Amino acid sequence: MAIGRRLDPALALAGLGLFLVVPPFLPQWITFLLTLAWAKALAVLGIVLLLRGGLLTFGHALYYAVGAYTAGFAVKFLGVHEGLVVLGLAVVTGAAASALLGLLLARYRGVHFGLLNLAFSMVLYAILLKFYEITGGTDGLRLPTPLLAGVKPDAQHLRLTIYYVTVVLAALLLYVAYRFTTSPLGYTLRAVRDNEVRVEYMGASVRQAIYCSYIVAGVMASVGGVLAGFSVGHIVPELSFWTQSGEFVFVALLGGTGSVLAPVAGSIVFEFVRNYAFKYSPYTWQMTLGIVLLGIIFFLPGGLWSLKGIAARRWTIVTRRSQ
Amino acid sequence: MSAGLTFTYGVVRILNLAHGNLYALGAYMGAWLVLGWGSSAMPVLSYLLLFAAAVFIGVTAGPLIERLFLRRVYGKEEEIQILLTFSILLILEDVIKLVWGVSPLFADKPYIYMGHVRLGGVDYAGYPFLLTGIAVVTGILLWLVVTRTRFGKVLVSVITDREVSSALGVNVPRIYTLAFTLGAVFAALGGAFTAPMFSVVPGIGAEVIVVSFAVVAIGGLGSIGGAALGALLVGLARATAVHLFPELDLFAIYLIMALVLLFRPQGLFGQVQARRI
Amino acid sequence: MSAVLETVSLTKFFGMVRAAEDLSVQFQEGELVGIVGPNGSGKTTLLNVITGYVKPDRGRIRYQGKDITGLSPRAVADLGIARSFQMPQLYLSLTVLENLVLALAIRAGRAREFWAPLERVDRRDEAPRILEQFGLEEHASHDAGQLPEGARKLLDVALSFARRPRILLMDEPTSGVSARDKSKVMDTLVPVLKGTGVTTIFVEHDMEVVQRYAERVLAFDEGKVIAAGSPDAVLRDPTVRRALLGQP
């Protein structure tokens, strides 16, 4: 007996194909924005996974920054230039950081969870800012182009290479996230959101479910941080600032929590809109975000992704009528 | 400030992330009024202006936010409520920038008027004493309102059981608006009276919400006495840290918070809420 | 025959309210016991204390000869004591089938797996069989939040039943269900439960339901057992009638 809403493999593969085939024909700045959008989508994905358990974090940029600075330190202090090694390290540091903080955070829900996360991310921000000798302070760290499996990507196709690495890795992690949502743990997390008491009475540990999910979400963001760091080539403490976390939360809501693909859609829309909004009204940017967020909360609680379902339903109604 | 936050939460059960903005609004309004109309001829006037600024912000922004937005999400999932106040936070951040620009405001006159106090041979600035006095007085006032007045009793009944209170003829929505407004006034008061000590810059709202959340989390959400104790602990820790490890003043707060929460997840005075089954 | 579950001088006060006072009761393997009593007489508290949701002030709980006092609900569930709730506690955003398969996954200790899909857990189609036994197969793909009250009650019991407990505690399985459907709910539940030999203890307000379905009845008042025995005997007992119906 089949259960759950399936990921539409045709749609997913067609979408991925599009992202693999088209970029060589696009202007470089678009490729760059897409790279950034995919990288950030991973951090957003982490937030979406936790939201399925009813947990809203305002500090997920913490792990994003952990990933980015793992890359920064690996290059600066360890002399590691191999991109794949750096990614491996980021998985380890992301997991370690979330495993440590998760011990404390897995007890909390609601506001406490959200703001404790915020507090920890601001602590990291302060550390990154103040320990100038190690972190470069406000100047941040430069992140030179990494090697890929021992080969230095040639300068001409640099952007495109980084783009492809990002998309492929992100797609892999999206698949991992998808498996997560259909797994017993993913369902237990949803059950926690619905009814914690029942979960405990059934003999499952709510804390363990939250703890494991938190680590998964942390690793996602950490990898996203490395990818974004490499694509920008420079990392700054602001990666851990509350506005960055807020942005992730915003994109998560914009995309919707209905599918693991939604964060990608939300993230791409967001990067492009911001690109233009910054040009035309730099001072009202946050206000625009706030107003859009209000609109989503009141009128489109499923995010952009739910438009797909609405469109599909309209379509069937239209086709039925015409018959 | 924290008293306002915990107060609102206690009654409405929504933790208002935009509380920091109300603080910021109070600070800006206060600084702006003092810069515009404060004169050295009448020092008292500038304090009155600060007070007026706070009350004005509280009674305009408070009901507006509550009536227009919060009212629609009572009883919904907590994430939604938090997100709602988060979007208000984003909007207010820019409103502040639009109205007062991005350059800092210095309104240190009220600070200077208070002069210095000699204690044990050392000079201390007088203003912090005034600030402490105001905080203590408002804290006591709030406590008296809740425990001694009719309004306070109605409030407690609403907190305990929304449905029964409304069945008994209490106008629950009105109480919510009042409570939220009162919370907003406290936030704005905090902002207005601390404004003379620092330069008022964009983004203070967000900083303040984190610190005051720490204060409230230490004390226990919804407990006014807890908030006061939390504020005291945080203040002491910060002062100690500034003396011993100036780099680490922010960490001191989080360290205390983490320690308290590690041993008492609901805060020092918080109550564990059991789910009814 | 020794009892599978027993309480020994259990005492629990909520302020001035005596929810249990020196309460010692025994339950035998495989029996179907009904508990009656006025509101606030300690019926639900007994279930809460047995399952570890509420800690008793004094007294012990013994299950299969072992002391289980003070264990967490999770630990108690792992030992084979499941309960259902007066207000059904379901995962409202999941479908009925998902609710049930998740229960099976948790029973199998696989709630932490995060790669294989949930449906793999139920290779032998145990969930559809349980749905059929409980008459819920038509609702399999509906969200639990959309079920009519009677079906909610049944699903709530089904979730606990899916753990294959030795003891099943049901808190008012027919409350909130229309008078007409009460017997339908019980007629579905009782044969399934008797068929597996699970020891069942249910709290119930409706005297008719208790009389028809319970094999043995305990009557509670103010945290004490005021009568015990066959349904007819207990429900005819004048003390019980006075406590329950306020009749002299």
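We just call them A, B and C in the order they show up, numbering each chain from 1.
Here is the rule we go by: contacts are C-beta pairs under 8 Å (C-beta built on N, C-alpha and C of every residue); 3 or more make two chains touch, one makes a residue touch a chain.
Computed from a predicted structure; not experimentally measured.
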Farthest chain (mean CA position) relative to subunit B: C
Chain centroid nearest the full-protein CA centroid: A
Whole-Å gap separating subunit B and subunit C, where each centre is the average of the chain's CA atoms: 47
Computed distance of Cα centres, subunit C from subunit A, in Å: 43
Cα-centroid distance, subunit A relative to subunit B, in whole angstrom: 33
Junction residues of subunit C, two or more chains touched: 85, 89
Residues within subunit B bordering two or more other chains: 277
Residues of subunit A engaged with two or more neighbouring chains: 197
Subunit B residues touching subunit A - in the complex, by the definition given at the top: 9, 15, 69, 72-73, 77-80, 82-84, 86-95, 97-98, 102, 206, 210, 213-214, 217, 221, 247, 250-251, 254, 257-258, 261-262, 265, 275, 277
Residues of subunit C defined as touching subunit A within the complex: 51, 72-74, 77-78, 82-83, 85, 89-95, 97-98, 101-103, 105-107, 110-119, 121-122, 125, 127-128, 140, 159-160, 163
List of subunit A residues in touch with subunit C within their complex: 1-4, 179-180, 182-188, 190-191, 193-195, 197-205, 208-209, 212, 216
Subunit B-facing residues of subunit A, complex: 51, 54-56, 58, 104, 107-112, 114-116, 118-120, 122-123, 126, 130, 196-197, 242-243, 246, 249, 253, 283-287, 289-291, 293-294, 297-298, 301
